[in-house]
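Next up: the structures, one after another.
First chain A sits with chain B, and in the next complex the same chain sits with chain C.
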Partner chain A sequence: MGMLDAYIRRFLAVLRTEILVLPSRMAVVVFVLLLLALPLVTQDGYVLRVMILTAIFAILAASWDLLSGFTGQMNFGHALFFGVAAYVTALLNLELKFPPYLSIPLGAVGGVLTGLVVGIPCLRLKGSYLALTTLAFPIILLGLVFAFPGVTGGELGLSGLSRLTGSRTGDYYLITGLMLALGGVMWKITDSNTGIILHAIREDELAARAAGINTTRYKLLAFCLSGFFAGIAGGLYAHFLRLAGPSTLEVSLSFQVIIWAVFGGMVSIYGPIAGVFILNPLMEALRVVLERFPGLPEMRMFIFAGLVLVTLLFMPEGLVPWVRDKIETECPRCKIRNAFTRRRCRVCDAALD
Partner chain B sequence: MLLDIVIDGLIKGSVYALLAIGFSLVLGVARIINIAHTALYMTAAYLIYIGAKPLGLSPLVAMLAAVGLTVLLGLVVYRLFIQPIQEHEAAVLIATIAVAMMLQEVFLMAFGGHYLGVPPLVDGFAVIFGVKVTFQHLLALGLALLMLLAVRVFLMKTRLGLAIRATAQDREVANLMGMNVTRVAMTTVAISVGLAAVTGAIVVPLVTVEPTMWMHPLIMMLAIVVLGGLGSIEGSFVGAFLLGFAESLVVFLVPMGAFLKDSVALSIMILVLLIRPEGLFGVSFEEER
Partner chain C sequence: MNMDAPFLEVQDLRKSFGGLTATNDVSFSLGRREILGLIGPNGAGKTTLVRLISGILRPDSGSIKFKGQEIIGKKTWEIVNLGIAPTFQNMRPFRRLPIIANVMVSCLSPRAMKRGEWVKKVEAKAMDALEFAGISDMALEKASTLSQGDLKRLEVARAVATDPELLLLDEPFGGLSPAETDLMAKSIKRLHKGGRFGRLHSEGPAMIIIEHKLAQLMKIVDRIVVLNFGTVIASGVPEEIVRNPEVIEAYLGQGGV
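Our next item is the complex of A and B:
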């Protein structure tokens, strides 16, 4: 009993000193709890489906941030990793009858290999060249998908994959749990030594090289890591929808990923996740609302684009950094973040203003 | 067959060249990757359709009005949505994507996904080496080449062209030399959008007007700009004809060519980049810091 008591005491202490002191951390905890509690509130298949897809896209957007935000390797063709993994997963599942717990990791390996294949030629390119070249790869593959419908199913894609868990709620917990875990892993990566090196490459590649860092190797690592996480998202997508179609490779998906990530706030991992969790359910809600007015033309995407455009005018850094700056202030002396309500820093007691 | 390929390749090449040059002007001077560039080309095409069909204007008047309106639209969007966030590169990027999506959705709402057409300016056809070539194709080709020449002369021979090239090369130094960089950027946006609109006007009788007609030219244009070397007018020109001919060859000669035309063009681009990372005519600058 004493042990348990000590654990609870410790947990409460951490809660009080580490989490409740910062609004942003509280927001993360509330977000996780709400996400896990959702199936208790509603078992509605449509709501769960929307949230599952949102979670999958959140993994995808965060993996884009890992490569393009943190490492600064602007990727315009992120759908490539997603699509390759979706197709690999689908082929393994359909042709070789691999179960999901094998086909999805192997699909992610496909994503890693794609990262290598794309990464190696892209190592020599910088900035806008890189961005525009990466855009090319998924389009090339899309052409091949349409040209060889025998293998890829052409326009209809590959359908009839086996189910993930069998129940909607099971799928929800599996995918949401994975999203939270992978998001945590990605956040930890960016916080680690490797992450700092990746950040250094973004800020000044020449200086990083001069400091003795093999930037080539680290950039390739970033491509592979990003490919891996995006690949898991792709595999989950294929198994959840039981379909891997050409839409997973389309330019619009690549653009969508960039919009989610930049809207939420780049270079943070949690920003893109927040971006997806705001924009995607919002769009579905809008669909439901607009269906009440059958006379109106289909204007969902128009509203979506307009919303993004106007938001950017006021928050060009993205939504999450903007909110964070409003609710927290950085201590001028020790650089620790404080809740906006405090007059003095919680660590060094310097005056905040 | 051969002449078909040549004519088609020439027209495609010159259209892509016009688009790519307009795109690289803005990229060079204002540092904007303008995804909405071909969406503005589509806007011009739709405006011409509106002028020529529902309003019943003469095609020439419709074209002039459409080009003017598109330039105005481009400037308003630039002033309202792009300029205030110019420091944030990523934000500008998705702002242009959002603008492109909005334009696509506006036309989708207004006209649905229907394939629309605009009557040709001139009727009739000539027979060259036994192949029927419509006058409209020849007109489009001539106009496109004329526009290319005009852009070239403008950039190389006029003071404004000099200012644009100087700003593209080094914004800060150009500013120090007494050029109003903001105004140069504004002018460049106007010229770039104007080029996109004129391109739209040139090809509109030859293509179907529909809300996703901006996607394919966008991809080809981006490939050409990278292939030719960012900011190099000659590069865009050569790259455009290279990929224009490649596309025509694939479409006419390869089975399933319509599916593979993008793949082939983009593969050419990647192959060139593997050998010359700065593109065909690009200059490898010292690393910017």
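Our next item is the complex of A and C:
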């Protein structure tokens, strides 16, 4: 009893001193709790399906942020990693009968190798040139998919993969849990010393080299890490839908990823995740609402584009950083963030205005 | 590594940009403890020369031997890890990162990591580099908020944090007020003396300093090399240089310093 008591006390202390002091941290905790509680509220297959796909895309958007946001390597073909991993996972599962817990990690390894294949020739490219080159890769692969329908299933893709857990709720918890864990890992990477080097490469690559950093290695590392996480997302997608099709490689998916990330707020990991969790369910809700008005033309994409444009017009840094600046103030002296309600910094007691 | 070899030996270094020859068969050498001033009119090839040494540019021909080892063809980051730290004339900070993170990047280079095994915290070492450069009170500010003078000091702090044996300073006094210039000159001398600045260990690096503020430069350098149109026109101790008629003609103008 004494042990348990001590743990509870410790938990409450951490809650009070680390979580409740900052609105953004409270928001993260509330978000996680809501996600975990969702199946208790509804067992509706459609809702869970939408949220599962949202979680998968959240991993994808965060992995893009790691490469393009943090390291500054603008990738306009991020669907490549997703698609390659989806196909590799599908082939391993269908041809070699690998179970999901092997096929998905190996699919992610496919994503890593793809990261190297794209990363190495792109090392000397920057900015818009890099963006255009990376845009080409998934298009080339899409051509190959259609050229070898015997292996890839052509237009129809590869279907009939084994189920993940067998139940919708099980799938939901597995994929949502993985999304939270991988999001945490990605955030931790960007918060480490490696993260500082990635930032430095984005800011000024030559200056990073002049500081003795092997920027080539770190850029390839960023490509590989991003390919790995996007690959996990691709593998989960293939197993959840039990299908790996050409849509996983489409240009529209690559752009979707960028829109999610920019809308949510780049260079943060949590921004793109929030972006996906706002935009993707909203799109589905719009679909449901608009179906009630059969007379209206297809308005969904129009509304979506308008929403994103207006948001970025007023919040050029993205939604999450904007909200964060409203609910938190940075202490001018010690740079610690404080809840907007405070008049004095919680650490150094400097006046906040 | 050949111990008898000169510390740094530059031989017949030539680099052209199109029709313009920036350095034309430049040769000079540098001792382990020397501070060399590199002067010459604008466009004489000074910055090109230090960029060739730091591997940012590749020469068309010639050789650069650092402690007997040819470094032409090596990448900039490899050269930095051998112990040659470059700085940029038009400072290149990581603007959106805090000052401390700017210096931590240097502290994370393989050379600095190897030499700081007893320093657990990269931050602590970076902080000492900032302390040395005199901008530690601004450690948490974003680099984009710094003044010209503080950016110069950040540039020096970043280079120093790699534990260099040869420091290449491109106009360290450029844009500084007289008081700031004096402070920077003092820092440079202190660094050259070597020793420990908190967790930062200075080997007392040799230096090549490009500078236009000759009066201040003369006080800290052992020797001066004068470049004009990419060619070395004079080399020697400061007192000789200011009396050399060719140098006066090319650079100093009648009347000297």
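Heads up, the rule we're going with is that the second predicted complex is superposed on the first by the 353 of 353 C-alpha atoms of A that agree within 3 Å, B and C clash if a C-alpha of one lies under 4 Å from a C-alpha of the other, contacts with A are read in each partner's own complex, and residues count from 1 in each chain.
By definition in this document, contacts are C-beta pairs under 8 Å (C-beta built on N, C-alpha and C of every residue); 3 or more make two chains touch, one makes a residue touch a chain.
Please read these numbers as outputs of a predicted model, since none were measured by experiment.
Once both complexes are superposed on chain A, the partners chain B and chain C fit side by side without clashing.
Once chain A of one complex is fitted onto chain A of the other, the partner contacts of A:Leu132 are limited to chain B, with no touch recorded for chain C. Touch criterion met: A:Lys335 reaches chain C, while chain B stays clear of it.
Touch criterion met: A:Ile258 reaches chain B, while chain C stays clear of it. Within the superposed three-chain model, A:Ile196 lies in touch with chain C and out of touch with chain B [touch as defined at top]. Shared-chain residue A:Asp204: touches chain B and chain C both. Of the two partner chains placed by the overlay, only chain C lies in contact with A:Ile213; chain B stays clear of it. Legend: residue contacts after superposition of the two complexes on their common chain; A:Phe146 is shown touching chain B, with no touch to chain C.
By the touch criterion defined above, A:Ala6 lies against neither chain B nor chain C after alignment on the C-alpha atoms of chain A.
Of the two partner chains, neither chain B nor chain C is touched by A:Leu282. On the chain A superposition, the C-alpha centres give an angle at chain A of 80° between chain B and chain C, rounded to a multiple of 10.
Touch counts on chain A: comparing chain C and chain B, the chain ahead is B.
Superposition on chain A leaves chain B and chain C with their closest Cα atoms 7 Å from each other.
The contact surfaces that chain B and chain C form on chain A in the two complexes overlap at residues 204, 206. Contacts from chain C toward chain A in the complex involve residues 54, 56, 75-77, 80-81, 85-88, 92-98, 101-102, 104-106, 108-112, 122, 140, 158-159, 161-162. Remark: chain B residues 27, 33, 35, 81, 84-85, 87-88, 90-91, 93-95, 97-99, 101-102, 104-106, 108-109, 215, 219, 222-223, 225-226, 230, 256, 259-264, 266-267, 269-270, 273-274, 277-279, 287-289 touch chain A in the complex.
Residues 193, 196-197, 199-200, 203-204, 206-215, 334-335 of chain A are the ones that touch chain C when the two sit in their complex. Residue ranges of chain A in contact with chain B, taken from their complex: 121, 124-129, 131-133, 135-137, 139-144, 146-147, 204-206, 251, 255, 258-259, 262-263, 266, 297-299, 301-302, 304-306, 308-309, 312-313, 316-318.
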